[in-house]
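Consider the two complexes below, in which chain A is the common component and chain B and chain C are the respective partners.
Moving on, here comes the complex of A and B:
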């Protein structure tokens, strides 16, 4: 029953999306009918309701163990805990496509509801573009990767998965199916599964709103700042989720993949990072259009490029374009996805060129100074795009070209990515330090130099502290210096703001109140500084953990110790064949960690074996001891099979790695602050506007 | 030595792609010298039996000698190779069968065999470069983070920078063109202002 409900809901959601496209475009362009456009809006909401029903049907089927549904059979098993049963919705291709459609539909419905009044002119085309994308993904769900297919026993004795009953087929017994159910991929049985994919998907699909409004502006000819106003906040929301998704992905890899790191420049990781880079460039350059009416064409390229790279990332991950630990298997959705991606990008770029050729994307102002904020933002954009280009090339360009045109498979790995991205990231940090202190319009070196003096001195002082603490690597010190400059500028600018407020309101406000007032009055600016501070802290963590990571692999007999980085690790024995509630078989090492002769922790790294899993059936879970200074991270590599009298461990010391996660938290707080809606009009005026005729209301 | 021989033979069975097999099997196919056999046929049976006995002995000695020589050629340098040395090299190589995973972190048994092979190669005195080149020769450039083949290497490393440089040049040219257009517009506006005064002056003159 659930399969039928889900399938019918998904099919009708697809029809509703197609109807919304037709009604919106026909109502706006040809019939000039307000009723039709309203009908399109209602279809968007109906689409959301139907996709929710489809999604819930699959979720309920997973929770109630409906193994006759082939997707449920494939990603769950009777002994799986509830949390993984819940997350199995996005545990494989078909379910995750449905979940993706659900999130995209939710974003579309929210954009239509919240921006209907303020963006009425842009809305019809925005609906068309949003629903075209939703319809495409629902089409993939219904026609290519249907999660509601059921198992059928054919008269020949074979089993087949099909949405409809084949002739003469009968339903196999659920108990028989339950016995042979696959269960979720072991690598996905982690708490991160509950939060990392949804965050990443939200980040991906969230960019549909800025994209749809940008395309709508191009299609409708309303190229004022309207589309910028609406898309900036949605872009910030998507950017927040994408940042969160990337950070959580890093943390998950660190905990589960068992290689002592959090970013491996894997093609699928990179595919998710590409929209982040272009999206970040857009969030910066859009400010120039808002403040100075410049870079109109460029912003269009960026907003379309961001969503285009989202679709490309999805295509690369799901169509088997690249081999990766993250990617889904080869799938029939490859050709339609490639076609959709090419069409979407082509239509966007053709529209930009068309509008530009008509002179409708002409800038209102020109660059007047090399050191003005807009010039530095352009340079910042250039670095982001350069990063995009070199990462794209390393992940997809070079491997694909060498395979198709030279007949050779190549891998561009850590050597390539570290060498090409490091200078660009350092340049980015330098710009993060300099750009906030430059002025809009005209800025001089002397003026910037005066303001930069204090942060520069503080950065130099901090680098001095690193030298005193024993850091001698020149490149690392240079990196720390540039990263810290960006951080100190953010702190110094906030301090100057507080100082200015204290001068004006000294009698009424203390320092904290002044700081609070700054964040309330100008959340965008000070939220931005907080984001910069978060990125600075992440940068410190990345340099520390990359440049100064220590690593050793040693075989220890029971009672024997290994020494590394001032720590002593003693092997106390191995608990073999421990069976967990979910059927996992665990081999757990018992280790004692000491420092300076004192025991500080007992670590239990382990290997989990999943007997029922068909493909990848084991995971390596690290044992770790975290401090602000570093992470002591140990993996159980191997052991004597029967006696367990000796075992081999891989030990890492990852200096400052925890700063990556803490910096991420600050970045999230800063983004929430920067995107927080600020009332710019007094309540009296807003009340009046709400009474005004439709289409003229405030956002 | 026997242990090492056994281990190597086992390694060959585990991984048929290894290259060490030819040197191990070499003693078994060493041909006997043909001229000696021709000489034996012309002697009396007793002498012939004596020669045959000597011949067998010589053949045995030859075989034994070649086995010893071959084994010596295979012999390790005697130094103990640590896991860290193996991992340092394995970290620079990518698993030939898995997905973008370096050889030091890959958990498959195939990768464990390849790590073991690196250990043997290190024991034989091969350098890091030689080992990496050996893997590339057998599995192609996909096993290294940056291709060793000069053309592929140049294509991989220089193309993105060329693109970035081209983009910078393009952006610079656009900026210069825009600034010169601005300068022309400014000059035109100044000229326009002046022409207004010239008109007034000429009007005055004509009056």
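Moving on, here comes the complex of A and C:
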């Protein structure tokens, strides 16, 4: 029953999306019928309702253990805890595609509802592009990777999974299906996995809205700043989720994958990082178009490029082209996804070239100074695009071309990525320090130098602290210096803002009130500084944990200790064959960590074995002891024999790694502030403008 | 430009038609630009990327063979005996790809060895282990650890694993007496399952 409801809802959602495209374009372009465009809007909302029904029916099937549905059979098993039953919706290809369509449809419905009045001109084409994308993904769900297929027993005795009942087939016994059910991939049984994919997907699909409005501007010819206004906020929302998704993914890798790090330059991580890079470039350069009416063509490329790289990332991940910890099994959706990516990118780029050739994307201003803020922003964009290019080449270009065209296997590893991206990242930090204090239009070195003096001194002072604490590596110190400069500039600029307000309102406000008012009056600017501060703190954590990571591998007998970095780790014994609620069998080592002769923690790294899982059936869970200074991180090594008397451990000391998570938190807060919808004008000015029709409405 | 946009905003909502030239602007005066070199390069670039990945997709379709003639290869075992797969025609050959760094291989190794001990005396059956992307001394240590006594060879230059399009280890292929692949086993295999398959092939031969 649930399978039928889900299947029919998904099918009708697909039809509703196709109808919305036709009604929107025909109504706007040919029939000039307001009623038809409204009908398209209603179809978008109907599409959302239907996809929700489809998603819910699969979710209910998972919760109520309908193992006849092959997807439920594949990703869950009777002994699985409820939370993983819930998250199994995105535990494998078919379900996650449906979930993806659901989120995309939700974003589209939200954009249509919230921006209907304020963006009425852009709406018809925006609806068309949004629904074309949603229809494509729903089509994949219905025709290629159907999560509602059920198991059938054929008269021949074989079992097949099919959406429709094959001739003469009967439903297999539920108990037999329950017994053979796979259970969720063990690697996905982690709390981080419950939220990492939804966040990442929200980040990915969220870029559909800026993309759709950009495309709509190109298609309709309304190339004013309308599309920029509406797409900027949506891009910020998507960017927030994408950042959160990347951070949570890093945390998950750190906790579960057991390689001692949080970022391995894995092709799929990189695939998720690529849209982030282009999206970040867009969020910066869009300011130049708002303030100076420049870079119009470029912004179009960025907004379309961001979504194009989202689709590419999805394609690369799901078609199983590259080997990765994330690889989905081979699947028939590769060719349609590649085709869709090509069409979307080509249509976008051709529209840009066409509008440009008609002179409609002409900039209002010229670049006047090398040190103006717009010039520095352009440089920032170059760096982001360069990062995109080298990461794309390293993760997809070189491996694919070498494997399929040169007959060898070239995999570019950590060395490539670290050495190629590090200088570019440092250049970004430098720009992050310098650009905020440069002026729009014309800026001189002398003026910038004066403003930079204080942050420079503070950065030098903080680097001095690192030197005192024993850091001698010149490159690391240079890195810390550049990263800290960016952070100090953010803090210093906020401080100057408070100071200026205090001058004007000292009698009425205390310092905190001034700071609050600053964020209320100009959330984009000061939220932006807060994001920069977050990125600074992440940068400190990355440099610390990358350059100064210590690792060792030792085999210890019971009672024996290993020494590393001032710590002493004693092996106290092994608890073998511990069985957890979900059926996993755990071997847990008991370790005592001491420092300076004092016991500070008991660590229990473990290896989990999942007897019923077919594919990856074991995971290595680290034991760790965290302080602000570093993480002491121990793994029970998987491929060496372990016994109660001796075991092999891999030990890492990751300095400053926790700053990555703390910085991430600040970044999220900053983004929330920057994107918080609030009027930036004082009430009396707003009252005067009330009559003006060009309000930002609810966007 | 600003005037253009203001004009446009005063138009009735549904009359934005991109075929109509914009009203009263400098834009009209300008001659339309020709398609620049940059644009052409860009479009060719996008198509080229799609082509590369399209070809890769087609290439990727080549998965592990589960029927047809088994790709032949020559190999030299760890203890120095050289063979070609064609030398083994007429026998049932079990080819198992493994690696010392692979967890599931460890679980499987005793099963394989135990199955081999069952067939050791039977001249009709050959077991062949192929160490995929492994390092020699570690492979040998692994074989010693599990007391593996059947033929084992390193996959030098990953030639053999490429011919069989393996995607990971362990993967097992069973080649029948005519040199055709009788069975491809994706994950770890048990002694009993292996014996069922091989006995089936041996029985088929004796009946035929």
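Keep in mind that, in the parts below, the second predicted complex is superposed on the first by the 673 of 699 C-alpha atoms of A that agree within 3 Å, B and C clash if a C-alpha of one lies under 4 Å from a C-alpha of the other, contacts with A are read in each partner's own complex, and residues count from 1 in each chain.
Criterion: contacts are C-beta pairs under 8 Å (C-beta built on N, C-alpha and C of every residue); 3 or more make two chains touch, one makes a residue touch a chain.
These figures come from a predicted structure and were not determined experimentally.
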Fit-or-clash call for chain B and chain C when the two complexes are aligned on chain A: clash
Chain B versus chain C as contact partner of A:121, first or second or both or neither: second
Contacts of A:341 with chain B and chain C, given as first, second, both or neither: second
Contacts of A:476 with chain B and chain C, given as first, second, both or neither: neither
Which of chain B and chain C A:357 touches, first, second, both or neither: second
First (chain B), second (chain C), both or neither touched by A:398: first
Common ground on chain A, meaning residues reached by chain C in one complex and by chain B in the other: 401, 409, 618
Chain A partner contacts - residues on chain B that touch it in the complex: 82-84, 87, 92, 94, 98-102, 105, 107, 140-147, 149, 151-152, 155-157, 159-161, 163-164, 167-168, 171, 175, 178-179, 182
Complex interface listing, chain A residues touching chain C: 28-29, 32, 34, 120-121, 219-222, 224-225, 293, 315-316, 319-321, 330, 334-335, 338, 341-342, 345-346, 349-350, 353, 356-360, 362, 364, 396, 400-401, 403-405, 409, 614-615, 617-618, 638-639, 641, 694
Touching residues (chain side chain C, partner chain A) in the complex: 1-2, 5, 8-9, 13-18, 22, 27, 30, 32-35, 39, 42-43, 46-47, 50, 52-57, 59-60, 63, 100-104, 106, 145, 158, 187
List of chain A residues in touch with chain B within their complex: 257-260, 264, 266-267, 322-325, 327, 366-367, 378, 382, 385-386, 389-390, 393-394, 397-398, 401-402, 406, 408-416, 420, 551-555, 618, 620, 648, 650
